[in-house]
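Labels A, B, C and D are assigned to the chains in the order they are written; within every chain, residues are numbered from 1.
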Amino acid sequence: MSIFIEKDTRVLIQGITGSEGSFWTKHILGIGTNVVAGVTPGKKGQKVEGISVYNTVREAVAETQPDASVLFVPPKFAKDAVFEALDAGIRKVVVIAEGIPVHDALQMRKAAMNEKAMVVGGNTSGVITPGVAMMGIFPYWIDRVYKQGNIGIMTRSGSLTNEVTAMVIKAGFGVSSLMGVGGDSVPCTRFAEFLPLYEKDTATQAVVMIGELGGTMEEEVAEAMEAGIFTKPLVAFIGGRTAPVGKKMGHAGAIVSGGQGTVAGKIEALEKAGALVADRPSATGELLKEILKK
Amino acid sequence: MKLFEYQAKELFQEAGITVPESVLVKAGSSIDQATDKIGFPCVLKSQVMQGGRGKAGLIQFVKTQSEAKEKFDYLTGRGVQTILVEQAIDIAREIYIAITIDPVDCSTLIMASSEGGMDIEELAATMPEKIIREKVAAFRELEIFQTRDVMFKLGLTGNAFKQGVKLLLTMFKLFRCYDAELVEINPLVVTGDGNLIAADGKFIIDDNAGFRQQSYSLSRDQFDSDIEFEAAKEGIPYLQFDGDIGLMCAGAGLTNAIYDLVNYFGGRVANYLEFGGPNYRRAVEAMEFTLRNKPKVILIVTFGTIARADVMAQGIVDAVKKLNPEIPIVTAIRGTGEEEADKILKTIGFENLSDTEDAVKKAVALAKGGK
Amino acid sequence: MSIFIEKDTRVLIQGITGSEGSFWTKHILGIGTNVVAGVTPGKKGQKVEGISVYNTVREAVAETQPDASVLFVPPKFAKDAVFEALDAGIRKVVVIAEGIPVHDALQMRKAAMNEKAMVVGGNTSGVITPGVAMMGIFPYWIDRVYKQGNIGIMTRSGSLTNEVTAMVIKAGFGVSSLMGVGGDSVPCTRFAEFLPLYEKDTATQAVVMIGELGGTMEEEVAEAMEAGIFTKPLVAFIGGRTAPVGKKMGHAGAIVSGGQGTVAGKIEALEKAGALVADRPSATGELLKEILKK
Amino acid sequence: MKLFEYQAKELFQEAGITVPESVLVKAGSSIDQATDKIGFPCVLKSQVMQGGRGKAGLIQFVKTQSEAKEKFDYLTGRGVQTILVEQAIDIAREIYIAITIDPVDCSTLIMASSEGGMDIEELAATMPEKIIREKVAAFRELEIFQTRDVMFKLGLTGNAFKQGVKLLLTMFKLFRCYDAELVEINPLVVTGDGNLIAADGKFIIDDNAGFRQQSYSLSRDQFDSDIEFEAAKEGIPYLQFDGDIGLMCAGAGLTNAIYDLVNYFGGRVANYLEFGGPNYRRAVEAMEFTLRNKPKVILIVTFGTIARADVMAQGIVDAVKKLNPEIPIVTAIRGTGEEEADKILKTIGFENLSDTEDAVKKAVALAKGGK
């Protein structure tokens, strides 16, 4: 079971003929994902790793009925590609591109909300159900990170996800659904919006959230827990505890302004809501054990 | 890209927002022509990124030619490169007005307050009820009735009201057209004769929208240090601190976590440098920048997917051979190709660690003179 | 009973201090309408016919909780005024202004659809429940036209409405709810969208539709009848039977292009759906009698 | 406001849409300079509003100077005031493309067909499946993927495809910016070397948006008759027909119904004139225009609310006194103030009727020589 992508989810790859697109198509197929079609305008009739390429998403949808689409398109075309997927009726979209203009992201998220669709990203590694399928760019072949299990992981980061997930695995757990919310200041889907899905997912026993300074996404998770929308155990690691205020360190989303989005504030809110917060990545595994014993 | 005050005001003026009359003067030239044109009293405003310029003495009010020269020399003596010489305005009231985004409901957010001059963060903390908020959903435009609502709430009347409606519509257009993250006028001055003048201006343009926006060249005054400025020109994210452990990490989230871990284990960071993403093949430049703040140890931690561990390891080997750093280097280069990375690093005698905490602890110990 | 405005409907008047606004406020009050507030920016504190004026609709709503708003604003500001009413939570709006740009009307109708609101007009005399209340500019004091009864009337016209309604009254009937859809090519609410309201309105026994050449609104009514959405008797008069093709005669909406919107086509569709169509205004009353006998 | 072809093409060209090279020549001047510049073969296109110009002989293809002169004289001889002299294009394919509105779902509607040159109405009737439709909801923009979809469906490739994407985005911008009701290019020509050229152009700007649009002056060629042109300049809606009953009615819907009733009772309308709305106090001008097409009787029917019956009645009395029309006048002026109207009309011996059909029947009888 998964909250986003299953063995039989019919996956479309937009931008499949590009260098990134074709490289990752191989790996997306490698893990076992059910890729049904690819799209690159003007490349109709080509094949990538045996997958048929169409000119438009509408064509691909008419021919192959995909349920979900992962986008390997440059950031300046991300908005158009998301709109194209939504227009064609696709309701699950993953946007890998890093460097999407904020104003575009606002429209992408709004369009997704209007269509009751879930657009994940941008600036994300994507979504993976280890051992089953993925829409994204995960090194699933590294066993000490990508192992199947009962822990849902949601993250704003890339490399740090590998780091923290490795600690979860080391503690004896595995991953049900890993959702990369992305590192931008306007992610199209926010942490708290994944919670109802994890809540009803029988394969997920607990959730690990890899957050960081800036924004209010972690606070929203605390609110959802307080409101009873999410009742499973949750362990968080929040990066940027000691980051200097006002400096844009790393992710676009990772900036503190006006006393909002401080790590201290996030930790306080989460602990008040019943989450355990790891003070360093290596503590995540132990806290998971602790919270699951309760 | 955060614009300087004078750049923000140029955009305002082009769009029809009234700004005080002003002349820009570079350090090294004379202020006389400027003051001749502007007259007295006038204000010398240092064009630097730093906040709280008033308190820091970077804004000087002058009444005479000799005072102007004196303060000009004083400011340029403090390293200010560019000074805006601006007419003094007759201030009856000061208003705060800004446009930014709300990432949760995808709207453009207008914030205004009749308590101008104050910092919005300060205002939010002390008098949140004084902040007027007005939202414009994505795909929608700012409607005139919304601007009227804001101006009525600000208590404007007559000419100032009409100018306020137009000003806000203009600010909104600028915000959308220029892919802004923030457009702020604080204070927006109501003059004694009931006109509005933008006495200050903040304008932040989304770097990701550079492909469709006019470009501003980077200038030294936008950065806190020479190294940060030079790294930015090279496209390498770099921040300078006052510790002794130089960080070369890949991935923004991981780098932040390493920064925390160094502090956690009692060390102090000399610099933050992102050696991932598009820069993962640029080990030599990255190490050069890392060495410039004279760290006692370099700590390299990565866990990459696209940024291959073997490529990065080879880069480090090349950099060490070329730069011959005389300080210890600790590596934990993991991810795609990590076994190969171990072998490559072994060729120059490096033991590539697999555990992040071990690496951080080792670096902290080395910086303290241990091993 | 009425489908839009009752005795106790709390009515706001936007543009109340203008010459048209203040003139019609007197008459709107005259028929008995429950006017609770007026709005004209900058005129807060004034009174018009005893009604308090506010600067903004939000203020008026906070103070007086109106359910509906009628707009006496110039056509170039109609869109802004409609958006202001919708924004403040008002879900029934009547737009009298003639000469609203088509692109503005598209946005007004779309905004109404998004908010599940009913915006009637523009270029309409408005809405009246004779003997009870009105939001519009009807000479309700002319007895031979504005008499209470059981016939719903919906119309694209102004003067012609007086003409046809007089015939309905002459035949011994009265009017339940008269809805002026307006003469523009993009009315914010279309004929067929009133039908579900007339269908469930116990005070309405039959409906008279005053249509004209151009557009597809009358055809949509026929479709609604065929689909069983509207099952009460319907009599139509359609103006422009002999109008020359391609000439813009009168209303913006009254132009035939590409074989669409001809009166012949409308009559055929309506008769097929079971409506009776009057060949001249004076026949309307007789046809009503005939159809109600069935 | 429907623009002439040359005006539409001016807008296209400014916006970056390729149009054929052309020169505009006025009747009465010489065509020589134009043909010198354009060369041969070229096309003389009459700038008139009439549809089906080709079939009507209003477009002439010429190969020589003498032929050009001959056809130019022929066209101006037929009353054409303005002629566009245009280079002949190398046509490989003709495409239809247009933007209009869908009032039901509030969208901007793009229609395209690979069967260019044909009238869209004809196409809709004979080959509806050949029409490509693409919609853009109100508040939304035309997205690039939509333009690609249209161009793929039109079967364009290479340069023509790229130009088509850009052209459609440009047409859409023009449509929105200019408050257009219709922007049409038919045919859009694919040339032998694979470029797109707008060979014709239709552009209708919403009259109601005049306050925010550039204005075009009215010209005689936009109208079918002198009287219509002059009435339009006066802001009085007027249409000329070939019957003998002059209508002065108030309210568009009522006027249409009266027009029908005249025909129903066997009469024929001489003109349609709207004497309501903003013109209800302008009885003298209205009657002057009504008399110009030499009707045998004037029929005045109103049922107004704002347009007061008494005011209109007084206007008619004044007009009759001033103009002394030597034909009978039938009135049915009802609505607000109708009793007063009856009295006013009685002062000049008019019996104001209350029933519309009675009035129409009487007018028809009078036109046929009865009373």
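What we mean here is this: a contact is a pair of C-beta atoms (placed from the backbone, for glycine too) under 8 Å apart; a residue touches a chain by one contact, two chains touch by 3 or more.
Note that the structure is predicted; figures quoted are calculated from it, not measured.
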Chain whose average C-alpha position is farthest from chain C's own: B
Chain pair with the higher count of C-beta pairs in contact (A-B, B-D): A-B
Chain A and chain C, separation of their C-alpha mean positions in angstrom: 50
Centre-to-centre distance between chain D and chain B (centres being mean Cα positions), rounded to whole Å: 57
Whole-Å gap between the CA centroids of chain C and chain D: 28
Multi-chain contact residues (two or more partners), chain A: none
Residues of chain B touching at least two other chains: 139
Chain B residues within the chain A interface of the complex: 51, 101, 103-104, 106-108, 120-121, 124-125, 137-139, 176, 179, 181, 206, 208-209, 211-212, 237, 239, 241, 249-257, 259-261, 263-264, 272, 274, 276-277, 302-306, 334-336, 338, 355-357
Residue ranges of chain B in contact with chain D within the complex: 139-140
Residues of chain C defined as touching chain D within the complex: 75-76, 98-107, 109-111, 113, 125, 137-139, 142, 155-163, 166, 183, 185-187, 190, 210, 212-213, 215-216, 220, 237, 239-244, 246-247, 249-252, 254, 257-259, 279-282
Chain A residues within the chain D interface of the complex: 41-42, 55-58, 77, 80-81, 83-84, 87
Chain B to chain C touching residues, read off their complex: 143-146, 148-149, 152, 161
